[in-house]
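Two complexes come next, and they have one chain in common, chain A, joined by chain B in the first and chain C in the second.
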Partner chain A sequence: MDVRSAVSTPVTQYTHRRSKSYGRNFDATSRFGYTPGQLTITRIQTSRETAKARKLTEKVDPEQLALLVKKEWKLSYVTPLYKFRHTQLKIYSRHLSAFIMAEKQQGMAVEVGLEAGFKVTFSTVLGMAETKDDAETVFIQIHNKPVFASEGDAPKVVWSGWLTCINGDPEYLQALPPEFVSLPLFCSSGAESLTFMVKSWFERTFDCSFGSMGLDPTDLHWLAALWTGCHSDNNIRSLKLAWTLPSQPPLDVSLTVNAQDAWDLWDKVRQQDSTDNSISIEEVKRFITGIESHFFRHFKVYLSAGVLKKVSTALGSVHLDGKIKITCSDYMITVLTLLTECAILRTPILPGLF
Partner chain B sequence: MKLRTKMLKPFRKVPVLNAANVLLVENEEQLQSRLADIIVQNEKDVNITVRLARKLPLPVENQDSRPRIDLVVFIVNLMSERSVQSAEQSVRYLDSGFFLGKVCFLVTGARCLSVSSTRLLTVRKMAASLHCPLLFAEDQTSEGVIAAAVRLLGILKVAAGLVPFATGLSLNSLTHCMMPSDLEQQLDSPT
Partner chain C sequence: MIEASTLPGLGGAADCSNENDSSCSDLSNKSLRIAENAKKKRQAEAPLLSALKYFSQVKTGTPRNGNDELNGYLEQVEREALAQGLSPEAVSIMLEFAMSLRMTSVISARVLRFLIPASVVPQEAVVRGFSWLCMQKLSQPTQVLFLRWVLSMFDMIDSKDNLRAIYGFIFSFVIDETMCPFICHLLYLLTLKEHVKPFRVRKLLDIQGRMGKQPFLMQLLALYKVFCPEMVTLTMPSKMRAGFKNHNSTWKAALAALQKRNISKETHSMELTLGVRQHPHRRKRKFHHLEVPALTPMMESSRSNSRKGVCLQQLSSFAELLDNLNSIELPAQMGSLLSSALALHYLDCVQDESAFLRLNFWLGHALHEEFLFGPVDGSSESMAEAAHFLSMLVSTQHFLQEGFSSTEGFLYKFLTMWDGFLHRPQILELLSDIPLVPSSYIKDVLFEPLMQLYFTSSVFFKCSVIECLTSMLRKWLTWHSVCAQEEGLDISLNNRSTMSLSLSGFLDSVLKLVQFVGRLTSVGLQLERGHTLLLHHALGFYETVSDMFLKYSLPLFVMLPPGVFFPALLATDPVSIDRLGYIMFRYRQNLTSAKEQQKKQRELSLHINRSVYKEFNTYLVAMVAHLWNSKSFSPRTGIEVSEALLERTKVADYSKSFDLIHHPAFLNYAIDFHQQCWPERTDVDLNSIKAGKYWDWYVEFLFTQGFDGLRDFIKVNINQASARQSSGQPLSQPAQPSQPTAVASSSS
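Coming up: the complex of A and B.
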């Protein structure tokens, strides 16, 4: 984290400044950041820590970890939850399954459908929280008990999701009132109708609000650079980038860079500024510009005129629409730190006002 | 030096009575022709010439036949990084005399902040450091293009000296882009 920016713009200062800036147009517009139409915190991250391999299996139960990796998750941001207790997870499971059953049966005549019962489990994934301000990760699974199942059939998982906060901004977390728990990143995988129901239940029970989180091309650049930097420890096999160019008809460009070449480029970029532990945004920009100018030299196409949509390596993949897949749990903390930060930045200061 | 001949100088040529010339620089060449049509149609009293370019430096061959440029407008499309880069490179070919009220930035695509927020801050930083006004335009609707053209026409007439008691420099001091101080701190990379 860039310590200077965190110190100079704490959240409490923002609520004070907002009232001053209503008269001055240029101040207010600079705060309308990432979430369209909503007032959010604007902060440019200028440096990050390099991704270090951390064997998460020492801290986290490997079975729980296996549920989180190798699946594609759709991201949303969540505002802080009011009176959420990690001790009452069993009660929450019962309430949520009752809610889902009620929603499913709403408006329908009594019907013996194939989905007779939903069983919801809430569990805590201990060991993932990095700082003392981070709340523990909560994992939710919805199992489906089909009517005509025989005794031995295990219930099938139809939906899973998790709420997490990894390395959240300490100023922001400490500024929250005491009854609020902040788990700003919500990842879901499964049927859209179930996702909607889980979100409505959370919104009703904890007075929070969800919003779909899209990513910035800059975030994708960060992840491309961080993953390439891991190549020396953990082979990324190749760096795949996909752009969409605004030509008529739109052109999709997919570039696969050999892992060693990407690593050499990244190494050269790093040699010019050699702070060992942190990566600056200038280095990331030089890395991406290097790849784009290499492409221009061969194909005479300016990739910077297009939009970078997807980045994937053997360690994971990320899509601009807000989809993430982590294949290797070693670098999970770094990726989740970046995504938690994005979620906090996209959370509106006054949700629902605009 | 080669760079000196390529640079566009503001006071090299003599101004012509009741005339104003504006140069629209845009990498994508989409908005400039529409703006040019409307600017020329809207003004009947003054002789307006609109010159279009993709980037600076301007071709040397035309240097003698080109009239004196009163206002240079850089049109930047925030949806494309290339557009921002092209504007940054073109700005270097303007003589420093231009930045006293004869340059303006026009930005489109700022509505879709999910893709363009960092680019908008880059363009703002550039406009603020060069002391130029930063205008936003809506280029998808015809009303938006007309509104942008009318604004540019207003600035052009002041820059060309056609408005009594107003000069380009005085208008510039009122309308130039400013950066809020905390954002300025964040954009400067930590040393």
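Coming up: the complex of A and C.
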């Protein structure tokens, strides 16, 4: 028996080598056994919770929160960051500053840590995360001190951006090895050139990839419905919608619905379902169809033939090509949950791993 | 000095052997010439020896003008150097002489210009050269000339460790504006990680401040950054010229000649230098996701611990890779490993799962952005770039003999929206690399989208799909057979439940694939009216399928469908029938050996469905009836056509029309044979071939035409002895082929 076990040891080691399959890492026994269906699973939500007003200011530093609202953010998705550590933000600040300086002065070498025109600060927005799987939000600001500024002048914020993950799909997040931090949603505001530099620094440092994140008309439908649903607690003033119709030349239609009217319609649509806390995609569809058929009755134009491009209320606005503005932090979590979902949906999912 | 004298002699001997290579035609001449050369050498050696002796001993301040002795020796050494190159000792002596400035700089410069080493430059000579340089006595042009010489001969310096030891001294010359470019180049060649120090970085930055963005400073700083990215942050301007200038103009011709002479002496080591796959100056696109990132080391802070490893871009050969295999650090971006062949070798050894995940995220992102999310950019450049990227991916996966899971995930999505035309060759290649797909969802992710494309595309697309699936099946089977060998996953040995479970999973998937291709080929052949090319691709697939048990030790037997069998049997080209014969032969071999194994090991559940034997026998009967017995369309042959219908074809003797003589595929062979047998006969009566030994001869004749598959089939399935017995009637003899029935009976 001893001989047998001595022989079998190297065999198992060898097996281990063979089982390496570039991400589809199964040992021979489980290789065929991984759960089917996950590959084709449609991770698109068909129902979500209603937007509940949440005083985020109680959880999150109001000063930090103020930086996130009332600004229009350009959305991107990011693949998981490799070896990103929330404890090393100071070092990252220094490195990104130096990187930007070097990029700005193409070709001139720059010493790290030198007082430079650009100053980057990384910070954690504590309390934004919703579940234990969500990584804490990271906020980045770039300040620039103009060349001819006087001594007392404070550096101006020229760019800001943040990486976040709110209510991310737990199955996906838990499947990631611990070296990875998933902050799939990246919002940026500021000069394109700086955004590009920040992205390339992240790509080089954390071996991740960025892609711009356009939204789906359905996402806009969801947000229109979710925001309208808040009207009873928080006045949305009006629901503004903008479509583009594929006529020659393209026809832009913008429609402003009185807040109360919108809410009444939503309430009618909702009444058919008794469950209070969740909204189904059918309700959202009925709501949008209601608005569209109302428009048809007056103008004889089928809005459903076009594409909903923009939705805005007093709580925030969203554009199809991936721009969002959140005006009221109370409903922020709902919106960010939806956007995190969109971002994870864009991330390349590896069959067999997730 | 004695050594110095012997070495050139050795060099000469080697030389003359080279000459022999080119003129070895005459052996008697050869020995003569060797003797003559050796004699010449001995004569030449003596004056060279005394010349070297002179240069090693000559005192400072010896007059130059009118010094005939000096001129004579100089010419002597120069001639020798340019013709043969100088031995290491001679190089040392002459370099010492030149650098010590014992005569004027003019003489020193002249010596440096002809200082061509035959083999190597001793490192000590160069170190001494630098110590003379430190004396600051040399004129500026001579200093530069010396540095240029060192740079030109750098690869011939025997070792560099002592030169690296005086790195600091060499570095101190960067402040000299004329020498700076050359010093930077030399430092670039010498720098190791431990040489990169903050004060040196500061110095270089300082010089850059004064001199501006000089390419040589940039290059050196870039190298420093490679070693210590945390010490210097630097971005290359997009249009920077790569590399340093060549300074070897003075010695170029002589060195080239020397290299030519030495070329046969050197054993060529296969070098896998970095960057072989890099595309030269590609146009920058708005979206850069298809660019393979550059190899850069990880940032200091994100390294796991203080363990210092070797970064991949420091390695330039496979041997170096092997030496450092255990201390190589993964690069900052895993995608960069796809940039070079050497890095791919390393990738094959990487065990780190996170590393593959990083690579897959990057690759998946690139593929998704380019082909799924991105706006369609139909410009020819971007098409070419995408095709190049995919081809790179194909060759990478072939190299690794494995598909990336991100490619797999991408393909499943892409297949549903593919038009079957965009980058077809690459997409199908990638598709064939997909590792085994579990049978539970193989239909949804693979079969459904492929089927839609297959039935709506041209016959050529159909052929390439079948080819792709054949290749996929082969890869799966190969994977299985390798696995079975390595893990003892052998049907006869293994009875652990997990393994047999995985084996059944594997069998399920393979069965699904074979059945799927069966449907595709049957219906495809019908749609394309038995297109010959498609038929051949189908037969190619079944050549693999028929051999699964013997060749890949997979206990799975699936017969080819009638939709492929009969078109092949009734095809108008003999190659199809020949291939069919081979396939049937292999099926028989596989079934028989499975049966034997089954008998040997009773306890084994090597289950072969009885219907497989039944199908096989039906086909066998059909084939023999058609080709051998002239009983086409008779009952029990698989195709039964009502007699009324056959009468209406007005073919007189329809039952004979598909035997080996009358079969449209063999008709011209039969006529050929007929002419050879009866050259004088003007009326062709093919039926006379059937008579007696002519039939045997005819069959032999067919075998000589290269129908090996047919031969194998006939040899195994038809009892030739009985054929000879009833010699007059080959039609009737093997009415019931004995062996196939044996197979059938023993199965029951």
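We take it that the second predicted complex is superposed on the first by the 297 of 354 C-alpha atoms of A that agree within 3 Å, B and C clash if a C-alpha of one lies under 4 Å from a C-alpha of the other, contacts with A are read in each partner's own complex, and residues count from 1 in each chain.
Just so we're on the same page, a residue touches a chain if its C-beta (ideal position, glycine included) is under 8 Å from a C-beta of that chain, and two chains touch if they have at least 3 such contacts.
It should be emphasised that the depicted structure is a prediction, and the values quoted were computed from it without experimental measurement.
In the superposed model, A:205 lies in contact with chain C only, and not with chain B. When both complexes are overlaid on chain A, the residue A:79 reaches chain C alone and has no touch with chain B.
Of the two partner chains, neither chain B nor chain C is touched by A:193. Residue contacts after overlaying the shared chain place A:218 against chain B, while chain C stays out of touching range.
In the superposition on chain A, no contact is made by A:247 with either chain B or chain C.
Of the two partner chains placed around the shared chain by superposition, chain C is the only one that A:91 touches, whereas chain B remains out of contact. In the superposed model, A:99 makes contact with chain C only, not with chain B. Among chain B and chain C, the chain that touches a larger number of residues in chain A is C. Shared interface residues of chain A (contacting chain B in one complex, chain C in the other): 32-34, 36, 214.
Across the complex, chain A is touched by residues 79-83, 85, 111-115, 117-118, 121, 124, 177-178, 180, 182-183, 185-187, 189-190 of chain B. Residue ranges on chain A touching chain C, taken from their complex, read 11, 14-15, 17-18, 20-25, 28-29, 31-34, 36-37, 39-40, 79-80, 82-83, 85, 88, 91, 95, 98-99, 101-103, 106-112, 176-177, 179-180, 203-209, 211, 214, 346-353.
By the touch criterion given at the top, residues 201-202, 204-205, 208, 213, 218, 221, 225, 230-238, 240, 289, 293, 296, 299, 301-302, 332-335, 351, 353-354, 356-369, 373, 400, 402-406, 408-410, 412, 435-436, 438, 440-441, 444-445, 482-483, 486-489, 498-499, 501-502, 505-506, 509 of chain C touch chain A in their complex. On chain A, the positions that touch chain B within their shared complex are 2, 4-5, 8-9, 26-27, 30, 32-36, 42-44, 46-47, 214, 216-218, 246, 280-282, 302, 304-307.
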